Amino acid sequence: MSTSAEVRPQVGAPPPEPIKAIPVRHPGRWVAMGVIAVLVAMLVNSVVTNPNWAWDFQLENAFAPPVVRGVLTTLWLTVASMLIGVTLGVILAIMRLSPNPVLSGSAWCYVWVFRGTPVLVQLVIWGNLNSLYREISLGVPFGTALTTFQTRDLIPPIAAALLGLGLNEAAYMSEIIRAGILSVDEGQSEAASALGMSRMQTLRRIVLPQAMRVVVPPTGNETISMLKTTSLVAYVPYVELFFQTSAIGSRTFRPFPMLVTASLWYLAMTSVLMVGQYYIERYYARGSVRELPATPLQKVRMRLSRRGI
Amino acid sequence: MGAGERPMVQAEQVHKWYGRFEVLKGIDLEVAPAEVMCIVGPSGSGKSTFLRCINHLERIHAGRLSVDGHLVGYREKGDKLYEMRDREIARQRLDIGMVFQRFNLFPHMTALQNVMEAPLRAKGEPKHDVRLHALALLERVGLADRADSYPSQLSGGQQQRVAIARALCMRPKLMLFDEPTSALDPELVGEVLDVMRGLAESGMTMIVVTHEMGFAREVGDSLVFMDEGRVVEAGDPREVLTNPQHERTRAFLSKVL
Amino acid sequence: GSDSTSDSDAAPTAGAGASSAPAIAKDEALAAQVPAEIAADGVLAIGTDASYAPNEFIDADGTTVIGFTADLAEALGQVLGLDAQMNNAPFDSLVEGVKNGKFELGMSSFTINPERQEQVDMVSYFNAGTSWAVPTGNPNGITPDDACGRRIAVQKATVQVDDITARAQACEQAGKEPITIQQYQLQSDATAAVVSGKDDAMLADSPIVAYAIAQTGDQLEPSGEIYDAAPYGVAVPKGQGDYTAAIQGAMQQLMDSGAYEQILSQWGVQAGAVTRAEVNPVQ
Amino acid sequence: MSTSAEVRPQVGAPPPEPIKAIPVRHPGRWVAMGVIAVLVAMLVNSVVTNPNWAWDFQLENAFAPPVVRGVLTTLWLTVASMLIGVTLGVILAIMRLSPNPVLSGSAWCYVWVFRGTPVLVQLVIWGNLNSLYREISLGVPFGTALTTFQTRDLIPPIAAALLGLGLNEAAYMSEIIRAGILSVDEGQSEAASALGMSRMQTLRRIVLPQAMRVVVPPTGNETISMLKTTSLVAYVPYVELFFQTSAIGSRTFRPFPMLVTASLWYLAMTSVLMVGQYYIERYYARGSVRELPATPLQKVRMRLSRRGI
Amino acid sequence: MGAGERPMVQAEQVHKWYGRFEVLKGIDLEVAPAEVMCIVGPSGSGKSTFLRCINHLERIHAGRLSVDGHLVGYREKGDKLYEMRDREIARQRLDIGMVFQRFNLFPHMTALQNVMEAPLRAKGEPKHDVRLHALALLERVGLADRADSYPSQLSGGQQQRVAIARALCMRPKLMLFDEPTSALDPELVGEVLDVMRGLAESGMTMIVVTHEMGFAREVGDSLVFMDEGRVVEAGDPREVLTNPQHERTRAFLSKVL
């Protein structure tokens, strides 16, 4: 056995050539890309040439004022319901994980009922509360009523829509957030407790921010799914994008092209949401990976600057 | 009992089980204020578990354990014990700093934010002061230039030093160190020891689980040798290390290189 | 031909239900006009959205489509020597089915309008007016011409939506309180909303209103007369002249023979009977 | 400073009394429980006495043969679509995280399109593919066809229903699984690579099992949501629970009680799924917490055995 | 070059950057087969990073790094370098065992499963043999009775020993140890060293990052002192430790207790 480690003088040595290796060749990738390109070309060709898609008819109606109004309604309904859902979902998730059996029990029941029954039915109930109860009374339980409201005036359709969507979403969000909280290493809350932070401070400052990494993608799912769930507010009844496009479809007996129009609108809104999701995910990934990869924008900029532009 | 004489930590017949496995089999010890106690012992003897009990991160199953004259996690009224509320436990922990064996840094915060978090949130100290204090502590452990790095960008030894600064920033009365120098090189061990010596002189009580006998000898006021959940031998470090009374202690120390 | 399966879980597929209809003789001349690929399997596959009692709806067994449309379809099939099968599908997928040949006819209380005539050929077979229903006793004194300031229920995508929208505008122009229009997914939801008092009145095709009044016991009553008669049509794929003629001829024969009258009176909707079946009657 | 540590003889010492502390009192909990009890009593009272719920009518129809058939269809459609969704979702998630741009690009596009457009439209398209394309030809792209299928024969309603639901679900599941994979510490796959395990082995044996903790709760969400999404197969057309109950509702002009009947069926199925989820979560929690809490069943058994039964 | 003379590890001017931060500033060293090389150096000097490069867990940016005569992560044909496929890299790593500074045990597997996983899956050895081998290794590191515990139920030192057993179960030609005894008590250090000495005698090459000078002196064939991404001094451990040539080395070693 010999001691073979040696030291070479390094002072003044020029930094050596950076390694330039030829990347692994992936002929399969090129073939796959070719196949995909051909398939896409065929699809595009058929979509453009097949008269059943009725592009001119779609274009005519895609920007009709009722449709555009519908798009706006869909958007704000989605945002508002998700806000209600996430806020209430966080509260429910915290309640569910609390050692207090009353809190965790009621959270469990809430999730059970609101997740277990169809949102359509919940919307129908909120929208038609007065077919169950003509008036709601505040007063002594099982005793005299102090004030009485006509339910049909109490809950306007818009409130019914938001209540129905938001309360239902909260049940789903609470499960997602609970999973996120569980994913954070026990050592983290131990360290926070050892530092004298209270349960709530630990949750807010230590656990939830780390849970976000796991929470964001399913929340993206929920938001994108909510975009389309808003179409159920027709049962309240309340009017949004899908209602408007299918009304045009029924009137003209051309429902299919109008379904495609609705889908394209949804796809456009989804795309915007996905970009947002990308940046939110990136934000919460800080510290959890050794090096953050560049964003597509940064990549483009790097390429441009390398070419001296 | 006068405040000066009252032990900072007092354990009497502390027992703890994990399921059927008895980790602590009746620990008795006392740590006086401003004392530095070193705990040594083989792996799995229950050293970390005992430290965690002092902080009420683990619940003890029998015996009494008190810090600064107050039972840990319980209030005593007459003969009866009452469990403490979360809030009270949190308050009790403000006075006890702990450096974990596995550091447990907050990965989503920079080194500086890690150090500043608890004084800011749990103690509600003004941000400006906390910042200055935190930077001073990072400086003291040799990490001033790494204040803005995330834990994942730090080497093992750097992480361990951030964990020490984080615990110190709370200005606790009692510090629990779980192998605080395990990931450090000898040079840093020296520096961290200097920090700890300074703390000891400023009157802080410390319990240090360590495998560095040199450290125990130099800094410790007392040394406890634990094995299989029991305190086998305790006393002045120099004495215990040079002239162990028990068979088990002798066997253990004979292996020290 | 029909692609319907015999799997019990597939969309309900059954011959028209009411067996009380009189036996009707096959007309060979008309039958010969039916294209061979349709007649080949002896089945006439008809698409319908069976949620519209009493015109077309689902029987208690969960599969059979019943209603006067179903009975009429069965009779129509008998004239052409084919076994009429009613296939239930949501409205949005119905017209597509007719156009692409999945269904050989569409019969689902389609009100004929010029836009729809562009998509398919329509053979008229019934005259449905609009009528109104209000809670019994008409507590708010609503008539079709005086509904300003009220909440009116209507099923979405029906001709009544245009009707009530025009009335709402009239109210506003007259400086009166506007009408709150509540558009429901299904007719049954609209009816339920009036019964519960959520809405004050509803308007719908006359047979629907008559049936709803009958079904809900004494909770609803009509208000005003039937007006704005509009024809229902059978949807036939475009560009099949012979086939369309066969359907028109068969329907006409039912009217002439009295079988038509009999079916309508069985369902209490004889008020909408017509005497002539026409192709694309709306100009 | 004094050396005050001392050792007492322990040999033969009897184990001391276990600590018996009086738990923290929570008067607030009792008040909350009381309030909840009163509210529940009021709700139950009104639900039982209010004739609008029409319990007798519901009972009459809840077990009608078509409804029971519908329940079974809903169940197996849910299970089958979730199987397709999870399997394809795992594949898509792995593709999405692959360094291969073709794979990750196509996975991205898949998720974009299938998540971005309403499942209703996807079902309509699968169910009515032949209104777009009367026949599908296999052969040379843009050239001669070798074989030609009639689309209306190719895709029976049941296949259209499964394709529509399953392919859509896969897009959502892939996001959930991606989040799960991201939640696993980088050190884990480094350790596996260092041991010479291949990318696929690492995924299958190390990363996915750990990801499951985070994946299970949102997958529960998806499954429970899928239960109700199956009602959209009416557009294929295909018949399940919701179709049957609402058919009874429209026939009798009493839609609301039948909606409640449907909800109760869904709630029953959800409850079964939630029990399953509880045990799956527990299974994947092994090793990640210091001590697993007892299951409700175990708790009951422990209590019984303590009483000597 | 004959197989006997060919160095097991050869680094020439290895450079590595994290963003703008240069961690390795041209490392040159050679490790002969069956040699035990110890690397010491202050925290943050790039020791862990260098080990990770040998395993191709990190990519080097300049220089040449080869194991057993083959470039790490690249194939060389003529003048050109070709990146290796994942599969080839995995095969290369089968011969290199690594014990991480933070252990990185698989938390969802018991200690035994952790040790058995790689030989079973990556090497495809028969289950029965692997099981016997794994149990023997756990026995050797003193954990036979803890084979069925999950990592979260093990103390720090127990986890570290499982990590060592896990790496050994692959029967690698080259072992990389990143502070393998940091969480161990002196007694266990002795035992683990015995294990490692046995390995050395059976002809295994080892690179050991350590802060235990005693270990370096006793077991090491060579010692490398690293600082700030450079090899400052290298040679026979006894010589370097007792008579360091460089200022920096001297300063560092003077702090060793």
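First chain written, first letter: the chains are A, B, C, D and E, and each begins at residue 1.
The definition used in the following text is that a contact is a pair of C-beta atoms (placed from the backbone, for glycine too) under 8 Å apart; a residue touches a chain by one contact, two chains touch by 3 or more.
Small disclaimer: the values here were computed from a predicted structure and weren't measured.
A.B. asks: Starting at chain C, how many touch steps does it take at minimum to reach chain E?
C.D. replies: Graph distance in the chain contact network comes out at 2.
A.B. asks: Tell me, which chains sit next to both chain A and chain B?
C.D. replies: D, E
A.B. asks: With chain centres taken as the means of their Cα atoms, state the distance from chain D to chain E in Å.
C.D. replies: 44
A.B. asks: Can you check how far apart chain C and chain D are, centre to centre, with Cα atoms defining each centre and the answer in Å?
C.D. replies: The separation of the two C-alpha centroids amounts to 40 Å.
A.B. asks: Residues of chain B that touch two or more other chains: which are they?
C.D. replies: 18, 102, 153
A.B. asks: Going through chain D residue by residue, note those that touch at least 2 other chains and give them in order.
C.D. replies: 52, 124, 128, 131, 256, 289-290
A.B. asks: Quick check on chain C: which residues sit in contact with 2+ other chains?
C.D. replies: 92-93, 96, 189, 192, 195-196
A.B. asks: Throw together a list of every chain pair that touches.
C.D. replies: A-B, A-C, A-D, A-E, B-D, B-E, C-D, D-E
A.B. asks: Show me the residue ranges of chain A that touch chain E in the complex, using the header's touch definition.
C.D. replies: Chain A residues touching chain E: 1-8, 10, 13, 15-24, 290-291.
A.B. asks: Quick check: in the complex, which residue numbers of chain E touch chain A?
C.D. replies: Within the complex, chain E touches chain A at residues 7, 13, 15, 18-19, 25-26, 28-32, 34-35, 37, 60-63, 74, 80-85, 221-224, 230-236.
A.B. asks: Which residues of chain D touch chain E once you look at their complex with the stated criterion?
C.D. replies: Those residues of chain D that touch chain E are 185, 187-188, 190-199, 201, 205-206, 209-210, 284, 286-290.
A.B. asks: Across the complex, what residues on chain C touch chain D?
C.D. replies: Residue positions touching the partner: 3, 5, 7-12, 50-53, 57-63, 87-90, 92-93, 96-97, 99-102, 186-189, 191-192, 195-196, 212, 215-216.
A.B. asks: Across the complex, what residues on chain A touch chain C?
C.D. replies: Against chain C, chain A makes touches at 124, 128, 130-131, 134, 152, 157, 234-235, 237, 239, 243, 246-247, 249-256, 259.
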